[in-house]
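You will see chain A twice below: alongside chain B first, and alongside chain C after that.
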Partner chain A sequence: MKSFIPREVESLWTLFTAPIVWAVHFVVCYGAVAVYCAKTAMLGFEFSTMRIILGGFTVVALGMIVLAAYLAWRQWGFGSGDPPHDEATRQDRALFQGFATLLLSGLSFVAVVYVAIPLIFIAECQR
Partner chain B sequence: MMVELGNFTPEERAAQEERLRKAWKTPGGWRYWTSVNNSEIGLWYGVTAFAFMLFAGLLGLLMRVQLSVPNNDFISADLYNQAFTLHGTVMMFLFAVPIFEAVAIFLLPSMLGARELPFPRLSAFGFWSFLLGGVFVCGSIFFNAAPNAGWFMYPPLATDKEYAGIGADIWLLGLSFIEVASIAAAVEIIVGIMKCRAPGMRINMMPMFAWYLLIVAGMILFAFPPLIAGDILFEMERMFDWPFFDASRGGDPLLWQHLFWIFGHPEVYIIFLPAIALMAMIVPTFSQRPIVGYSWIVLAAVGTGFLSFGLWVHHMFTTGLPQISLAFFSAASEAVAIPTGVQIFVFIATMLAGRVIFSVPMLFGAGGIIIFVIGGLTGVMVALAPFDWQAHDTYFVVAHLHYVLIGGMFFPIVAGIYYYFPFVTGKKLSDAWGKVSFWLMFTGFNVAFFPMHFSGLRGMPRRVFTYPEDIGWDWFNLISTVGAFIFAAGVATFVIDIFRPKPKPKERNLNPWNSGTLEWTNDPSEDWGMRSVPIISSRYPLWDQPNLQADIEAGRYYLPDAKSGKRETLVTSVLDAEPIQCLRVGGSSYVTIIAALALGGVFIALTYHWWIPTIISAIITFIAILWWLWNGTGPIPESAEVDVGLGQTLPVYVSGPASVGWWAMFITMVGDGTAFASLIFGYFFYWTVHDDFTAGASGPGEPWPMVALVLFVIAWLLTIVARQLNEKGVVGCRIALVAGIGVTFAACLAGVAGPYLHGMDPTSNVYPAIVWIIAIWTVTHGAVGIVMQAYCLARSFAGRMTAQYDQDIRNVALYWHFMAFTAVVTFAVIGLFPMVSA
Partner chain C sequence: MTGEGLTESCPGRCPRLCRSSVALLVIFLSSCSGSQSALDPAGPEASRVAHLFFVMLFGGAVIWVAVVAALIYASRKKNAHSEESAGRVILWCGAILPSAILCALLSYGMWLMPAIRPWVPDDQPVRRIEVTGEQFWWRVRYLDETGKTLFETANEVRIPVGEPTHFALKAADVIHSFWVPSLGGKMDMIPGRTNPLALQADREGIYNGVCAEFCGESHALMAFRVRAVAAADYEAWLSERSAETRTNGLADAEGLAVFLKNGCGACHAISGTAANGRIGPDLTAFGERNTLAAGTLPHTAEDIARFIADPAKIKPGVRMPHFGMLQEADIQRMAAFLKELK
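Presenting the complex of A and B:
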């Protein structure tokens, strides 16, 4: 069976995957709620529905961050070596990238959870 | 990377040095000012920014004198308004951001092991723009014409011509000009860090400073353009009465607040991160060990960079937005404390793990961190919406922001100046003076700003020019004023120490602090930066690579010579820093000064509505920039490859994604795209604030926008075809370019036809105004697209663009990718969205 997990890539951009997921999640939450609160009459559904949609999106975002974290963990050799990864080799450079990406995934995960918390506690637009 | 280092006889070395000296020579006499070398530009930039800081500091003192006692009439209310507006504006725009650009331009090449950043003339252009814009903005107060509506220029106060006068225009246009300089610096810094590192300096070996600066420059690309978009809307309202922020005609002042703070909050981190980056260089040196948690610092820098974009509404907690929205921003504002905390703990861990030498730079650094942590904690307080509702617009916020900025930025900058002074001049500043200066500053700062927390909690609003007695503010204000003068005495001590004559050091010591990073191999008395470009195998090469200094100076590494007589530096690959190109960079030139002065002329003439000088200056700017590009960029080299030493030859000319120019275009267009996105945000913002955002006015219709969309896509395809045909021969390429020019011209006409033929009056309501501005934005980009196509055509005819040497057409095609995206979004939105929303 062909694995659905992406192959390892050589790029600086992978470092930013998890923070980008955070940014997209943040913008979607803010944008969706801003439009909903301004156009409630036009949209014609309850705020609780909005909360469920965004809750679902949060789960998707967290899933993507976990995937990014897994890929980072793999790039980090599944934790086989300890930092600082400061050798002048291609391998240490890749391990550093993996470790830094893993750390960023952790931060992004927490930050997405933070942003989702208001959806649990606030049940209406409250202007 | 195993290579055999070069070996030269003393005669050969002397001859090499002679040629290098000639190629990198800084011109003498008044031509000195045409220099574009990073060491000159960095120094001028830094000195200018510092001078602006002293000026703004004096304005701060004026304010403190006025507030020292109740009912004071030391200065008038109006002058006070000008003073606080200019104080904030100058500190943020003319000191905090430019000083980091200065430090980056000065230090980065040496830290990275490059001779020069890839676009030295662009740096020079940025500096001259900054100088001119800065003098213009600062000078206005001497004509009683300074901006007076607060450094964030909120409408409707700042759009009120009765109140805000010409000052608001000076602010808008002067600063737009400086924003151009910042984006230029961002391009330079990103490309420099990604592509101009010494061979072997893989991304896990980069100095911490470079990591931070890479993130900061990226942030500039996304933070400054929304403000530029806001400035455009604002100035269109002030100049032509387009009602973007006028509520009576459908506008909304809150849009300005959004655009300003989408810029303004990341700006705080744009200021803070480079200062912390200096600390990340200083702390390891004075702990005499590598930094603990290199990867964690990367986490902190990248994490802060991203999260800082989710905070802007915490400046708008009291504007009546839905509380659910406030809560998102409150949550993100709390989250950003995590990477910031990581940063601080990394420093503490490094100090604990090493043996700390409490030198003057460390004093300032540690003092700054203490102050910053206090400011950070009050920041966590004001990030909570209910607390902020109480503290908003009071002196509590004034205290908070000064703790954050002075602790997080000013103290580390002073630390950096003490640390790098020997790198710049070869001489150290005095330890004794430094300690006196530190204790004056540290004490004075806390005496001045700590009481502001209390006066704020007692209800003192910011920006009042005086207050009645016996409401509990008197003593706090008097103490603050005394503290401000103690602080100023500390700054004065520091300035005197800089300018006081210092004896020449008895022996040559390039690395007085025993630092480990590459920049300390440079001899400040030579203009070439790196004598030869070394191969790096450690994060702290001076500690770990024996003989490095001697080998660099003996020319045993790359580019030990300048046989071509041109300024050359190495370009290496992004991840592993393998040498890929010998890049020739521009030398001293007048064109940067002329272009900057002319562009300045455009902005200044616009301020006073002098239309003819505006047009003349714009034409001069246009010609100067074309001349600069034509003569200065992408010349066809005398041979395809050159010897770079160590038995290696590298190409001189590369094009496409491998070239620095392609990346510069890409980065610029990302910033440009962000400004465009901000305008589109404005369009949808107006849609959300009204039930019918068209207010019954006619739209541009569907046919013309769709015609424009299709024509722009065809023009884009023709440009791509031109690029492909150019590889086969000149004729097909030229035909495609000519066709492209014609189609683009038609596309531009079709773009404005919709709003024009439907009689949309931009002064009547915000809907026609926003449609017009988005259409004009896109058509203007179309016009630039025509210039680029024509430029390629001319280059092809002049034999400067061939199948092999095709940078121009490749970069233009890249521009057109963005152009096509802009056009599709523009015309789909203005043409189709009214139908969807109806």
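Presenting the complex of A and C:
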């Protein structure tokens, strides 16, 4: 059976996964609300619906970041070794990348939560 | 020289320092009250802004004390902590705690926001006033329920106590910002846009407002007054001012004639006369105002005469030309006439 968790790969792209999710979430949230508030009459649904949609998108984004963090944690050897991982070896390179990705994932998780907080409190468009 | 040595050599120094510090503290604290202080709120919106400030001040003070205490502890600690415990301190105090505090502050700010900036729908029957920022004064129009202008005035806004007044804020030339610290937060006035703002005063009084966005040479001389009066008095004043013609003050026919003869009516309007200019401030009830030149001078006949003779000397960049070439008697005559316009 094929595993849901991707296999371990040595690529710099995994480092950027969480920040990219954060950036996309930021742009989609701000863009969607701006368009909704400018075109409310055309869209024909309530702002609460928009909040629910973006809330769902936030959960998906957080899930992707948690998955990226888990993969980074695995790459880091589940915390078995301490940084700085600065030897010129393939293993240290992988451990360093895993640790850096884990930290970036933590930052991205907090940032996505901050971006989503206004969804709880802002209940209408104001023109 | 040590601190003890200093005290010994200047025995009176410490008491003097203490007295000076107390005097300075009193001066600083006294500036927290008054008609232009966000820390002396006179309305619900300003109260919430002040509350937010004090919460932030308290939180900031607690964090500052904790950081200084940690610094003193670290400087006095003889034996170093283990690397593991130092790592835990960095994780908790450098990442988790700041993230949690920021999250709490953001949530608190968001929770306050609807109350800080109350939204008045267009169809709700409230008092509506349109204020336009111009270099360097405020054009004020009182509107009826349909949005039609009842009358125009300048540099002074009158509102009823105990109910929200809806402001439609505009700009004629550059960006200005409308701010009455005692009543609420500021709102930018942007050319081509109408920004809404609802303010409410809970007690009668005169509150100072300022332009809070740099707008040119005399930006710092662009102030206004908000006069909060009882609702019944406001209603009576509104009815009286809405009347098309006025006679108070116009008994001075000679003053009016000098005013018209020198072309002042091309830029200024006085209801019930041939002066119907719209470029400068409406002077219909000029004598009712508390200040002259948008809060720049006291409202006396002498200062009115000074302003007529050379406005740019008092307010650099002002668009009104100087009238110093007129005979002194004419300037004095006009100043006396304007002072009595009520």
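Here is the rule we use: the second predicted complex is superposed on the first by the 127 of 127 C-alpha atoms of A that agree within 3 Å, B and C clash if a C-alpha of one lies under 4 Å from a C-alpha of the other, contacts with A are read in each partner's own complex, and residues count from 1 in each chain.
Everything below uses one rule, namely that contacts are C-beta pairs under 8 Å (C-beta built on N, C-alpha and C of every residue); 3 or more make two chains touch, one makes a residue touch a chain.
What you see is a predicted model; the values in this text were computed from it and never measured.
Asker: With the two complexes superposed on chain A, say which partner A:85 touches: chain B (first), chain C (second), both, or neither.
Answerer: Touch partner of A:85: chain B, not chain C.
Asker: Output check: A:57 vs chain B and chain C. Expected answer is one of first, second, both, neither. What do you get?
Answerer: Neither chain B nor chain C is touched by A:57.
Asker: Considering only touches as defined above, state whether A:120 meets chain B (first), chain C (second), both or neither.
Answerer: Only chain C is touched by A:120; chain B is not.
Asker: With both complexes overlaid on chain A, does A:23 touch chain B (first), chain C (second), both or neither?
Answerer: In the superposed model, A:23 contacts chain B only, not chain C.
Asker: Check whether A:15 is in contact with chain B, with chain C, with both or with neither, and answer first, second, both or neither.
Answerer: After superposing on A, A:15 lies in contact with chain B but is clear of chain C.
Asker: Output check: A:38 vs chain B and chain C. Expected answer is one of first, second, both, neither. What do you get?
Answerer: It touches chain B, and chain C stays clear.
Asker: May I ask you to name which of chain B and chain C touches more residues of chain A?
Answerer: So, of the two partners, B touches more residues of chain A.
Asker: Could you say whether A:110 touches chain B, chain C, both of them, or neither, answering first, second, both or neither?
Answerer: both
Asker: Enumerate the residues of chain A that count as touching chain B in its complex and touching chain C in the other.
Answerer: Correct list for chain A: 110, 114, 117-118, 121-122, 124, 126-127.
Asker: Quick one: in the complex, what on chain B touches chain A?
Answerer: Touching chain A from chain B are residues 1, 194, 200, 202-205, 290, 293-296, 298-299, 302-303, 305-307, 309-310, 320-325, 327-332, 334-335, 338-339, 536-539, 574-576, 688-689.
Asker: Using the touch rule from the top, collect the residues of chain A that touch chain C in their complex.
Answerer: Within the complex, chain A touches chain C at residues 106, 110, 113-114, 117-118, 120-124, 126-127.
Asker: Note which residues of chain A are touching chain B in the complex, please.
Answerer: 10-12, 15-16, 19-20, 22-23, 26, 29-30, 33-35, 37-39, 83-86, 88, 90, 92-93, 95-97, 99-100, 103-104, 107-108, 110-111, 114-115, 117-119, 121-122, 124-127
Asker: Across the complex, what residues on chain C touch chain A?
Answerer: The contact residues of chain C facing chain A are 95, 99, 102-103, 106-107, 110-111, 113-114, 117, 119, 196.
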